[in-house]
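What follows is a single structure, written as structure tokens, with notes after it.
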Amino acid sequence: MLQSYKPALALIQQALEEDGAFSDITTLSTVPAENWSRGRILARKPGVIAGLAIAADAFRFFDERVRVELLVQDGAVVQANEDLILLEGPARSLLSVERTALNFIGRLSGIATLTAHCVQAIEGTHARIIDTRKTTPGLRLLEKEAVRLGGGQNHRFGLNDGVLIKDNHIKAAGGITQAVAATRRMVPHLLKIEVECETHDEVRQALAAGAEVLLLDNMDVEMMRQAVAMIRQEAPQVLIEASGDIGTNTERLQLVAQTGVDFISLGALTHSAPNFNISLEFNS
Amino acid sequence: MLQSYKPALALIQQALEEDGAFSDITTLSTVPAENWSRGRILARKPGVIAGLAIAADAFRFFDERVRVELLVQDGAVVQANEDLILLEGPARSLLSVERTALNFIGRLSGIATLTAHCVQAIEGTHARIIDTRKTTPGLRLLEKEAVRLGGGQNHRFGLNDGVLIKDNHIKAAGGITQAVAATRRMVPHLLKIEVECETHDEVRQALAAGAEVLLLDNMDVEMMRQAVAMIRQEAPQVLIEASGDIGTNTERLQLVAQTGVDFISLGALTHSAPNFNISLEFNS
Amino acid sequence: MLQSYKPALALIQQALEEDGAFSDITTLSTVPAENWSRGRILARKPGVIAGLAIAADAFRFFDERVRVELLVQDGAVVQANEDLILLEGPARSLLSVERTALNFIGRLSGIATLTAHCVQAIEGTHARIIDTRKTTPGLRLLEKEAVRLGGGQNHRFGLNDGVLIKDNHIKAAGGITQAVAATRRMVPHLLKIEVECETHDEVRQALAAGAEVLLLDNMDVEMMRQAVAMIRQEAPQVLIEASGDIGTNTERLQLVAQTGVDFISLGALTHSAPNFNISLEFNS
Amino acid sequence: MLQSYKPALALIQQALEEDGAFSDITTLSTVPAENWSRGRILARKPGVIAGLAIAADAFRFFDERVRVELLVQDGAVVQANEDLILLEGPARSLLSVERTALNFIGRLSGIATLTAHCVQAIEGTHARIIDTRKTTPGLRLLEKEAVRLGGGQNHRFGLNDGVLIKDNHIKAAGGITQAVAATRRMVPHLLKIEVECETHDEVRQALAAGAEVLLLDNMDVEMMRQAVAMIRQEAPQVLIEASGDIGTNTERLQLVAQTGVDFISLGALTHSAPNFNISLEFNS
Amino acid sequence: MLQSYKPALALIQQALEEDGAFSDITTLSTVPAENWSRGRILARKPGVIAGLAIAADAFRFFDERVRVELLVQDGAVVQANEDLILLEGPARSLLSVERTALNFIGRLSGIATLTAHCVQAIEGTHARIIDTRKTTPGLRLLEKEAVRLGGGQNHRFGLNDGVLIKDNHIKAAGGITQAVAATRRMVPHLLKIEVECETHDEVRQALAAGAEVLLLDNMDVEMMRQAVAMIRQEAPQVLIEASGDIGTNTERLQLVAQTGVDFISLGALTHSAPNFNISLEFNS
Amino acid sequence: MLQSYKPALALIQQALEEDGAFSDITTLSTVPAENWSRGRILARKPGVIAGLAIAADAFRFFDERVRVELLVQDGAVVQANEDLILLEGPARSLLSVERTALNFIGRLSGIATLTAHCVQAIEGTHARIIDTRKTTPGLRLLEKEAVRLGGGQNHRFGLNDGVLIKDNHIKAAGGITQAVAATRRMVPHLLKIEVECETHDEVRQALAAGAEVLLLDNMDVEMMRQAVAMIRQEAPQVLIEASGDIGTNTERLQLVAQTGVDFISLGALTHSAPNFNISLEFNS
């Protein structure tokens, strides 16, 4: 949604080459070039689907004669055994791309489904679920898109498009005030400055230094509640993010959300989402 | 172990660029270029470690002044809170590479640890745990190495370096006999020919056609046991692989292994291994 | 300053290949491989220097035997005929890289020098000089670094790391309020939202919608002064940027700065800076 | 004109990625995917246009649904406010590519316009305006095409497709005679050999050595006139190039041209041409 | 046949760039852009054709307006002066791609024709002609495809998709038995293990170690015949490959084939095949 | 000689990846990482050596611990069984790079040796042996360097660095005069203009048009002799090239050279040179 499509072709090509899809010796030996097939990709369990667009493009990139029809769009909530994509084209091409396409959908739908679970867990609260930079090397853009498709929002995409001042930055700069001032002077004026705080004292210092977003790290729920109260009183426009191995447990998420924070960031969305089970069935 | 190292540099560079590590605006604004730091990467729970070599190279690639000392090697079994790597170098470089390095170790150690669990589950049997092509796009070589580090063995790396004849290939070729003959004629003579079988009848046909490896797909344990017996009697040199959503449950793995198969292939090793928890601590 | 160095190697290689430096047929025909030379790069007129680091790396990348000594650092204010770099190494390598190195320094120092001129023009005011996205395709990172070296600050680096809502976005969203709300919901929470305004009425709407930065576009000085007053009164924390073909004329810059805006953005810094005159002299 | 088109796609992609055009967060948040727009690119002042073809391809590369109609071709002489290109397509795509397209046209038209000015300055003389290797890293082919579009001719494209013997080559080879002989023996027989001369004595030596082109470097007009006379008498088939910070001043160009040289090479064409002012207007 | 097509586009682009085809200055200067031409590529002598598909794609990649009609397919046996391809399109594009297209066809048809000669030489025997890894850097896939088109079969494609244990491996492992066991334990179970043997004793050891393929290296015909007899008796399922500068002489090939080996591998197929003579004729 | 070295690293990497050298499963399974070996590359027959530098770099690129000592330099004339390179380093690395290194040396030395044969054939005449654009896709720079190492000279490297007007260019331009004039106007002034002639009449027209080099195509020896006489009389400074399937037969080369032409261009040098036999021996 926040990304146009061209760059993913390089990733598709890399994945197909990695799988040897351009030299699928079993298929090339057994399936005549002129054979035509139909098939469908279907969900094996309920969830939120992601990766359909890139899977569709993998088939088209490999062989432009393959016709791909998306029965649902990325972001759709689907039932077990619901059909997702219809395919028609050279049998060789369907067979050679199958695994690559399923690998994309399985991983990305796993992330979208886990995100949706977490979003639902805190429904009714003010907070939003956001991701982190704990993504799979090479797949960050796609994984962050999957988070959005599951109803989450994105944290910064990398070290170059957001400021997050942590303890080592503070020590090096000589204090929170100095660190905030240094970044303010150096980075584009469109970026807010976020400071990581582990204690109430750090929260106070960060507010005094003019931080625009506070990350409450590894606080227990009660401590977090107090920090939120303090911030809301002193600087109502400041945004608050809760972080620190919070996990995807429903109850825990609710407790954190009820502290009144604006955002809950969860590494598990992208680094520990189990695969979403899908398969490709050929019409006989 | 089965791979030399050069190509991973491209992956490291891609991961660092994706993370904006070359333009870490927080660090560049707050940490003076001349600051020097020491830190260590440590395991947060027990498991089998993978990804240390690539993480070490990420630091060195980013800044050749960083000194990296591996306290354990990839494949090591470690305890909770055990130190893995010592780092020393420009503070900026340690901070800018931290997340990328941890993302590699966390994912790959998760796979190695889950593999080791499955290998241990079937200890005492004849069978070996092997992986599948259900890997993360772009990371196949590293993920398959993590499987080996966890004590598993690799299935084929792609469609181009192994023959696995499935039902669609058989239909297209006009039967198992024809499919086996066609691949024998076309592929390099160093490759064995594997045929996927879902029934005892298919097992018989595959043996008759001269298949050198049989994949028993989605059979229940009893059916599998009978198939193994049949194969051992008729063609003792033929290898047998069990497959089909077997999962990583210890009891289930033992039951399957006890049927006498040679290999159990598990997609979950690579597509659903949870992240292994590690962190980088700076010396104060 | 806000950028580490690795990615520039690709640019250096591209530039050297484009110049045929790896096959300098005149030099390879006339200069023996064993000839060793010394030379220096010097400024031909006063200004602010940029591009020394990349020029130095061009020599080292081409031939690691070349020794490069920087007599001043990027960002230095230099006099006419001041020496910048000393070189020593194989004569062939110095000759083959010369033009590529000078092209980098000449262009980037031109930008830094023009920026410094504009920064000086508004000295004593509150405003800061910032750049735009009107950069040379392929050189944005280097050109924006040259702006910082000249004392300027950077606007967003691309469409992906900052929000600037223009008239077409507003029309498409159905109004300023809707456009601001839509971006707030979709983009990472670390980004401020800037709205382009051409009239006082638009300024009022943008403030009401919660814009955090206002771009005053193509306003005359009086109109701009009034807009600034209005904004400071209603929303003192909002940042103000002046834009719209302001140019690099000293008097005009002073008038704009004296309106009280926070930032003046100038396309001319990067799209019309004349080359800075430098040369490489060989020791005889 | 002397270049076919494929390789420019890589440059287009690089420029779009550099601008974050594939993730234009403002546009993706505010403009619905189904919105369709029309717009036109127009000149803001009179000049010679270049870069239309590459700008058109940037739109098509980004989104093949964009229809681009060129109202004039590259090389056209246009008036202020003359329309250059009509655009129709998804509003998102027009907005996301706008800046990249304008950056190409602005820079290249600036070069073509400045070249045309210089060509016109010496109209009526025998001489031709040619460019140098003082181009922007990464853009040499496009910038040299812009020179041709402005009526100029190209010098060599790089160190690998032309021979130009300078003082350091002569010293290393042991004299002009040796340097010319060495290159003659080594380089393809389709290349002429040019020698740089700063004095009349060097001119004489170069002629004696069999140089086929002479570059008169940093000579004043009178000295140049005498050199031309000498060359025409002794070796009428030899080509003569004037060089050395000649600049783009009309009077100076006329004086140089009237010495009778064949070519005047000007670094300023490519390293100091100011941006040509254009804009993209959307139809309301 | 055992390869789909996408990756060859990168090779086509590399070849066209290497030939300067995108800047064919002679053609661009003399042939108007609107000129349309027809031409045909024809064989100058009899042989087996390869490279037509990639040549056709070179024309289409350069200019999608070129229409290419293949009169025969890769693998066809053709007569002298037989037409292979009809071309129609912009004259400029036909001229600029001509040499690159012919270079591909000439080299690959040379390999296919030489292979066909060797295959024919041993007709009536049980043996098959196979290639080696002695291919041209960068062209392995295409050259191995040409071998198949000529009727040969492929040996392994690289060091990563087949096991061939040579003397240095055996020494390092501590003996044939250890070497075979080590590879069996480490490599995917779909790969057969081949051992190189120079003596009858080594043949015996390799059989005892469980090698599945034996390479008889540098044996004279009598010695080879005895080795074959020994292997057939002891391990009838083991495959036998003859190797070692056997060359392409018909008589020698027949003698080797008549020893009863399964495969004869020939480096000369790919490293010493003379160019196949073809040309492109334009219709006048 | 006319080329520096950096770009060849990309070719080396491509060749090593193509050969699967980074995952040499036989070697990695059987040879311990700590084993150290010595070996030498030696010529199996007499000839002129090329490719040593690139082979040496292949070893170093793969593993910087490999020490490579060149006993002779590229261009050396060697005897059968003469040692060329000494190697020392990790046994794994020597084994994994062996084939790639030998493939480079074998092919390039084949070209250098064949070139030297042709150069020797015409010794005592005025003519020089030159190459053509009939090279292996991807290897042109290396193959043309091998021609120089064998004592030949290079024709143009591609369509972009030399002008050769053929019959289709002449037809399109409306005649030889027009074609020559068109190229003169468009291409850099450092390029000579060559015209292909098949008849004496075309020779006359080309001279009249001011061609600076004439290519006599497919003329028999007598006709060529007459053409040379005509050209020497009318335009003594014009260069003459003989071409057209001349081949590498000594007697034929002498006859052609004795016509007095300046250059004989031979496609066979690069498209049909047989492999030069070398091998790598490990010290026991």
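First chain written, first letter: the chains are A, B, C, D, E and F, and each begins at residue 1.
Keep this in mind: contacts are C-beta pairs under 8 Å (C-beta built on N, C-alpha and C of every residue); 3 or more make two chains touch, one makes a residue touch a chain.
These figures come from a predicted structure and were not determined experimentally.
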Which of these, E-F, A-C or A-B, gives back the D-F interface, meaning over half of its contact pairs coincide by residue number? A-C
What is the chain whose Cα centroid lies farthest from the Cα centroid of chain C? E
If I superpose chain B onto chain F using their CA atoms, what angle of rotation comes out, to the nearest 5 degrees? 120
Interface check for copies chain A and chain C. Shared numbers divided by all numbers used: above half gives same, below half gives different; which is it? same
Name the chain whose C-alpha centroid is farthest from the C-alpha centroid of chain A. F
Where the CA atoms of chain C average out and where those of chain F average out, how many Å apart are those spots? 45
Centre to centre, by mean C-alpha position, how many angstrom separate chain A and chain F? 53
Chain C to chain D: how many Å between their CA centres? 23
Overlap residues in chain E, where contacts from two or more other chains coincide: 1-2, 21-25, 28-29, 96, 141, 157, 160-161, 163-164, 185-187, 191
So, in the complex, the side of chain C touching chain A is made of residues 1-2, 130, 148, 153-157, 160-164, 185-192, 194, 213, 237, 239, 241, 262-263
Contact footprint of chain A on chain B as seen in their complex: 11, 14-15, 18-32, 35, 37, 91, 95-96, 99-100, 102-104, 106-107, 110, 133-141, 157-161, 163-166, 168-173, 178-179, 182-183, 185-187, 191, 267-268, 271-272, 274-275, 282, 284
